[in-house]
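Take a look at these structures.
You will see two complexes here that share chain A, one where it goes with chain B and one where it goes with chain C.
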Partner chain A sequence: MKKLLTLTVAGLMAAGPAMAELVFPSLSYRTGPYAAGGIPFADGYADYFTLLNERDGGIGGVMTRVPECETAYNTERGVECYEATRGEGALVYQPLSTGITYQLIPRVTADGIPLHTMGYGRTSAANGEVFEWVFNYPANYWDGASVIINYLLEQNEGSLEGQKIALLYHNSAYGREPIRTLEILAEEHGFELVQLAVDHPGQEQGNQWLTIRRERPDYVVMWGWGVMNQVAVQEAANIRYPMDQFIGNWWAGAEHDVMPAGADADGYLSLNMNVLGDLPVFDEIQQYVHDAGLAAGDGSNLGSVLYTRGMYAAMLAAEAARTAQEIHGVDQIDASMMRDGMEALEITEERMEELGMPGVGPAFEVTCANHGGPGMGRIQQWNAADQEWVTLTDFIAPDDSVTQPLIEEDSMAFAEESGIEPRDCAM
Partner chain B sequence: MPEQLIFAMEVTLNGLMTGVMYSLVALGFVLIFKASGIFNYAQGVMALFAAMTLVGIQEGRVPFSHLINAIFGTEIYDFGWDVPALLAILLTVLVMVGFAFFVQKVIFKHLVGQEPIILFMATIGLAYFLEGVADLMWGSEIRTLDVGLPQGINLAIDETTFNWFGYGFFIDNLDIVATIVAAVLVAGLVAFAQYTKQGRAMRAVADDHQAALSVGISLNFVWILVWSLAGFVALVAGIMWGAKSGVQFSLSLIALKALPVLMLGGFTSIPGAIVGGLIIGVGEALFEFSVGPLIGGATENWFAYVLALLFLVFRPQGLFGEKIIERV
Partner chain C sequence: MFYREAGDFKTTYAADNQTFPIAFDRWRYWAVLFVAVFVIPLVINDYWANALLIPFLIYAIAAIGLNILTGYCGQVSLGTGGFMAVGAYATYKLMTAFVWMDMVTITLLSGLITAGVGVLFGLPSLRIKGFYLAVATLAAQFFLVWIFNRVPWFYNYSASGQINAPERMMFGVPVTGPNAEVWVKYLFALGFVILLSWVARNLTRGSVGRQWMAIRDMDIAAEIIGVNPLKAKLTAFAVSSFFVGVSGALLFSIFLGAVEVGEAFGISKSFLVLFMVIIGGLGSIFGSFAGAAFMVLLPVVLKIVGVDMFGWPTDIVQHLQFVIVGGLIVFFLIVEPHGLAQLWRLAKEKLRLWPFPH
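What follows is the complex of A and B.
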């Protein structure tokens, strides 16, 4: 009898209408050696969706839900998190890890769930004709490398001929991503590229900085993450390398990357894909989320570099979901509709202003062929006295004539080895 | 003198300094293994926990504040005072002694006589537990460690070597301090073991704990003492490494650098931990300098283990380890 009753209740529950919600899983890392970067990003991501729920009643009247799964920046755990959450009606994944991204690309393609890797992951996924389910707007690694070189060109009256640039990189899939682009740019602009790999996690860099001291490169470009960044900034200070000739990419330019070195970090440069500053949306997050006791973290990260980027990532996801609702004329969208929304996403200056984050990123449109966005970045500089980043430049565009052929070549090679027939976006 | 030779000399000196930093971590492992036969997997996490506690006390932060605030709806994060570095270090030592009591009373007291693998597994559990407690107690943010240690290039060495070779060597002031601290630490530990009653009791237990028990030495006391000393060594290692990178969770991974040192120097020898550290430090630095550029660099992590394995093949007990002969 008891068994029959249980089965009946279970049957009724299964037959009943599912509660409408939009699910945005967060594959976060709040523990382990990379937690310092993972926490503010995850907080920003979750808090923005909470704001939408509390202030607007969700997106298009449908509440959002952000189930978090801890990956500890570990690829295997990232895949486990994907498997554990995809059945919950996941609309899009943002794993904040290039290693996890590489493992998820074939899975999301088979399962029909979009993957958004903003400024990380597989760069050639920008080619939407091959990577139908993967998006990396508004910028990718190769764009980042090119933007840094364009900035240096600007600083050197348009020529880097005969100069020496050292690339200090995390010895991982992530760290190795910009090498090819920089090699081509070195050939094109006549500078020498010195490559210096740093092993995980990056606490040991003594030999690399001794090499930098001996080689005396004109600039050091860093592709770092986690403890590697803090140690590198300290080591640069130790050998008295000029901080304004040391440029990190956008994953090596958060407050916690420079603060341990104190005043010695003053003048350090880094790339950023989003704007910093006192955005009006922060007041709303404070009011509707933090003051209401609904913050994902302790509230101390609000407005920081990576919190802002996590919030920006959430905003792009929410806007894509809204676009999908409009395209399909329904409020409750599925992953396939979400993909359509991402592919038709249009971010304008007016929309960013409306959302309380004017100019947080560049205005851009995603298309069937271009999943990568405009690829622009800004250069910021650390002011140790005021403990804040100062934006030095407007958005700088990458050199598409270098990055596009690389994207084409790499994505076509992937299509061939994976047996993918590229879509014809001109149709 | 050829330029490459001068550079190699600089790399060797820096390798020696790095080796001392490895030895600081390895010492904690040796102390516990020598006295109790336990390979303490949690030593790296103890360094992390000690450094986080030191910074937390220094900054006057309320331990477990997130937990307290979540349960009671309060918003308390700090006491509003700063504690001087020396006092904070003393208080952290007390916390590590308390931790030693906890470890002995709650875990190892109940595991006396168990197989070494069981004791090892217990330390794995302890490592993850301690990492979780550290997170709950002090949070996951990176903290700046400031106990007044000097950092940056040593100008005297730079100038002197420049006058000799026409190229100034880079030696980090922090590494020089670490070397002095390690020398004092080892001298202190050896003197403690040789000339104090408690130290002799520790050595007696290390030699034969059943015989030590039979002459009235308290195994319980000695193990608490040893875990306290290991906690103190972990604090020193945490301070030195934390000064370089800030205090953060990756500090626990420094234990990985101690393993090849132990394989090479032996698990039971304090001088072995020092010499092993120096050999590993110099070996990996010279390999990276000479061979690294030819094979893509970043060789330090794996080459340290290759070096240790080479020593292991010819001397399984390590350079200074005790050779165990079991009669059948």
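What follows is the complex of A and C.
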């Protein structure tokens, strides 16, 4: 076995990257309790790059490659996958896991490979002066929490005074992210925040929902992922909690989260950072990728919420690669050029329409100091009868006066702890 | 013909009692040490170290610890993950509270702290045995994970609840943190492995080890002939938790760097170390190494063979891993309940006669 292993590795190392290609490793999880979310995201991510290869011949004429590595949402596997794919000329990492992100942040900083944690990960990475190699555009968790509160303020004529909001969160770094922001917003707007932690993987929430039944909060905000979402919606239906007062964040608002509860889930709200519905690019993916038999996975996820998000993440990476190619004037870019491309990225409405996905996300631009984008999100509602999500609002902006100082504080604490000298972005 | 004790005359009691009486074994031991200390750090690369060697060394220490408790002393323990968490959090608190302290002292102190916690959770072993003790240690596992999540003092009130290992230097080179070179981390872990397995080997060969084995085999008879069960069981828990605590400390400080307790030290970690000990062989130091190597190597080999060589989809390979690991455990328990160590012992026995047929 050992000999086979040595021969295999020797063979792989000898083969080496002989031809020009752009490598976008996909640290996916198609197994484990979070697979329901991981599978469509990974499918969307891989399909978009396949589309670029088939339809356009790659990015700037260079073919793309998406090696997949299974992490099962486990941090140790994530590190192993990172180490395994790093040497293949990886341009950007998108681990889709806050836990793995925290592991990778110091490693990518030392190794010089950009990390894009779109709408998850360490929120304070929005401060580009401290986190040179980490990006989390177009939105992050603190912005998401603020957007939810802004939406609730709108619903309550501008005042949440005296109301009670329960935060049901996954007991991990991911779930704890919005707590500080919500505490500050609670003080500012006068509502009471009740925090209920749900341990990994999130299948046992009986106690938490009994507490909700007893406390009768006016709203329940959920920061869940994977199987926790489905169980939460089912439990909420069991205690007859009004679904239109139950808001999940953008990782708790996919079709598979609400379908198990059937008609009882009607009215459940959630955030989304993308648009819904049929985009012209889906037809192209159907034509060039699925019909040609090159679909990642079984091809059934086309058009779903998380598939769209995975495709959006791939689009952002591809556009950043294109920008990098333009800036540096070469087609075969490397990781540091990719970082420059990401920092100069500008997504406009026209460009999104050109790509066949009009309005899929907000229009934004990334700068040296702001790696986090505008932080906007929309609220969507589940219609159980038609089995589809309905967008309720346009992009709502977060309250920067609350989130900015927090980002500043947390990133400076990280810089001090890790001995990083913040760079000066005076441009 | 080369594996004989014939012609190797011992002239002192010390030589007669040594742990490797056959000359070939002695040479083999020194050769392995030489390769491990001088050759591997020169040829190591990041992937091999991070995916295979460093986890192997760290889990070997944990497996030795659990083997002392379960294999030598017969106290079934499912709390390994929780005790590793104690080691990790002790390291974190010591690193952040005493910035001047070097990593060796910190790791040993974390081991001592874990030994104390282990003795505390080992007290039920004085009253209950076997399956019931396993459940009591399971409670320890869940309790420790819960307390590290719940009490913010343990993670220094950080917003994310994660603990991060800051950078520490030893002899001018960084040992922890992202800038630490892989060969430095490897040698650091190797140093602890050599030291701790030397301690373990000699403890288990001495009177303390014999007391443990007496308790394991028939604890009432052992008590009658004068083995103090309280001392024996609690020292087993203490020494075992020391090893497991050092392993947890190393897992946090040099391997992972950032840890979320529920995920890194959950019940699956306890089962993983237990499987290493079962497959490797209960009551054997070599078995701990063999089991650790097996469980660390298997997922990586399966991934390389399944995904890279055969091109199968990643989720199928992952699911296959569960099937294969489970199947192998059942296979070992039926065919060779004494594990890989027994196969090793048999091989050595046969070698002593080879090439003669009987």
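Going forward, the second predicted complex is superposed on the first by the 409 of 427 C-alpha atoms of A that agree within 3 Å, B and C clash if a C-alpha of one lies under 4 Å from a C-alpha of the other, contacts with A are read in each partner's own complex, and residues count from 1 in each chain.
Here is the rule we go by: contacts are C-beta pairs under 8 Å (C-beta built on N, C-alpha and C of every residue); 3 or more make two chains touch, one makes a residue touch a chain.
Computed from a predicted structure; not experimentally measured.
S.K.: Should the superposition on chain A be reported as showing a clash between chain B and chain C, or a fit?
M.R.: Superposition result for chain B and chain C: clash.
S.K.: Looking at the overlay, does A:213 come into contact with chain B only (first), chain C only (second), both, or neither?
M.R.: First partner only.
S.K.: Is A:113 contacted by the first partner chain B, the second partner chain C, both or neither?
M.R.: In the superposition, A:113 contacts neither chain B nor chain C.
S.K.: Taking the superposition on A as described, I'd like to know which of chain B and chain C A:275 touches: first, second, both or neither.
M.R.: After superposition on chain A, A:275 lies in contact with neither partner.
S.K.: In the superposed arrangement, does A:265 touch chain B (first), chain C (second), both or neither?
M.R.: After superposing on A, A:265 lies clear of both chain B and chain C.
S.K.: For A:227, using the defined touch cut-off, is the partner it touches chain B, chain C, both, or neither? Pick first, second, both or neither.
M.R.: First partner only.
S.K.: State whether A:366 touches chain B only (first), chain C only (second), both chains, or neither.
M.R.: neither
S.K.: Go through the superposed model and pick first if A:199 touches only chain B, second if only chain C, both, or neither.
M.R.: both
S.K.: Could you tell me if A:80 is touching chain B, chain C, both of them or neither one (first, second, both, neither)?
M.R.: Only chain C is touched by A:80; chain B is not.
S.K.: Check the residue A:59 against both partner chains and state whether it touches chain B (first), chain C (second), both, or neither.
M.R.: neither
S.K.: For the combined three-chain arrangement, which segment of chain C clashes with chain B: 27-35, 63-71 or 135-143?
M.R.: Only 135-143 shows clashing C-alpha atoms.
S.K.: For chain A, which residues belong to both interfaces, chain B and chain C?
M.R.: Common to the two interfaces on chain A: residues 30-31, 35, 39, 171, 197, 199-200.
S.K.: Along chain A, where are the residues that touch chain C in the complex?
M.R.: It comes out as residues 1, 4-5, 8-9, 12, 28, 30-31, 35, 39, 68-70, 72, 74-76, 79-80, 83-84, 86-87, 99, 102-103, 106-107, 109-110, 122, 171-173, 176-177, 179-180, 197, 199-200, 410, 417-419.
S.K.: Would you mind writing out the residues of chain C in touch with chain A in their complex?
M.R.: 46-47, 50-51, 55, 149, 159-162, 164, 166-167, 177-179, 256-260, 262-264, 266, 300-301, 303-305, 307-309, 313-315, 317-319
S.K.: Write out the stretch or stretches of chain A touching chain B in their complex.
M.R.: 30-36, 39, 171, 195-204, 206-208, 210, 213-214, 226-227, 230-231, 234, 237-240, 256, 259-260, 262, 264, 293, 298, 300
S.K.: Taking the complex as given, what residues does chain B use to touch chain A?
M.R.: Touching chain A: residues 7, 10-11, 14, 18, 66, 69, 73, 77, 131, 135, 139-142, 144-146, 151-153, 170, 172, 241, 244-246, 248-250, 252-254, 257, 285, 288-289, 292, 296-298, 300-301 of chain B.
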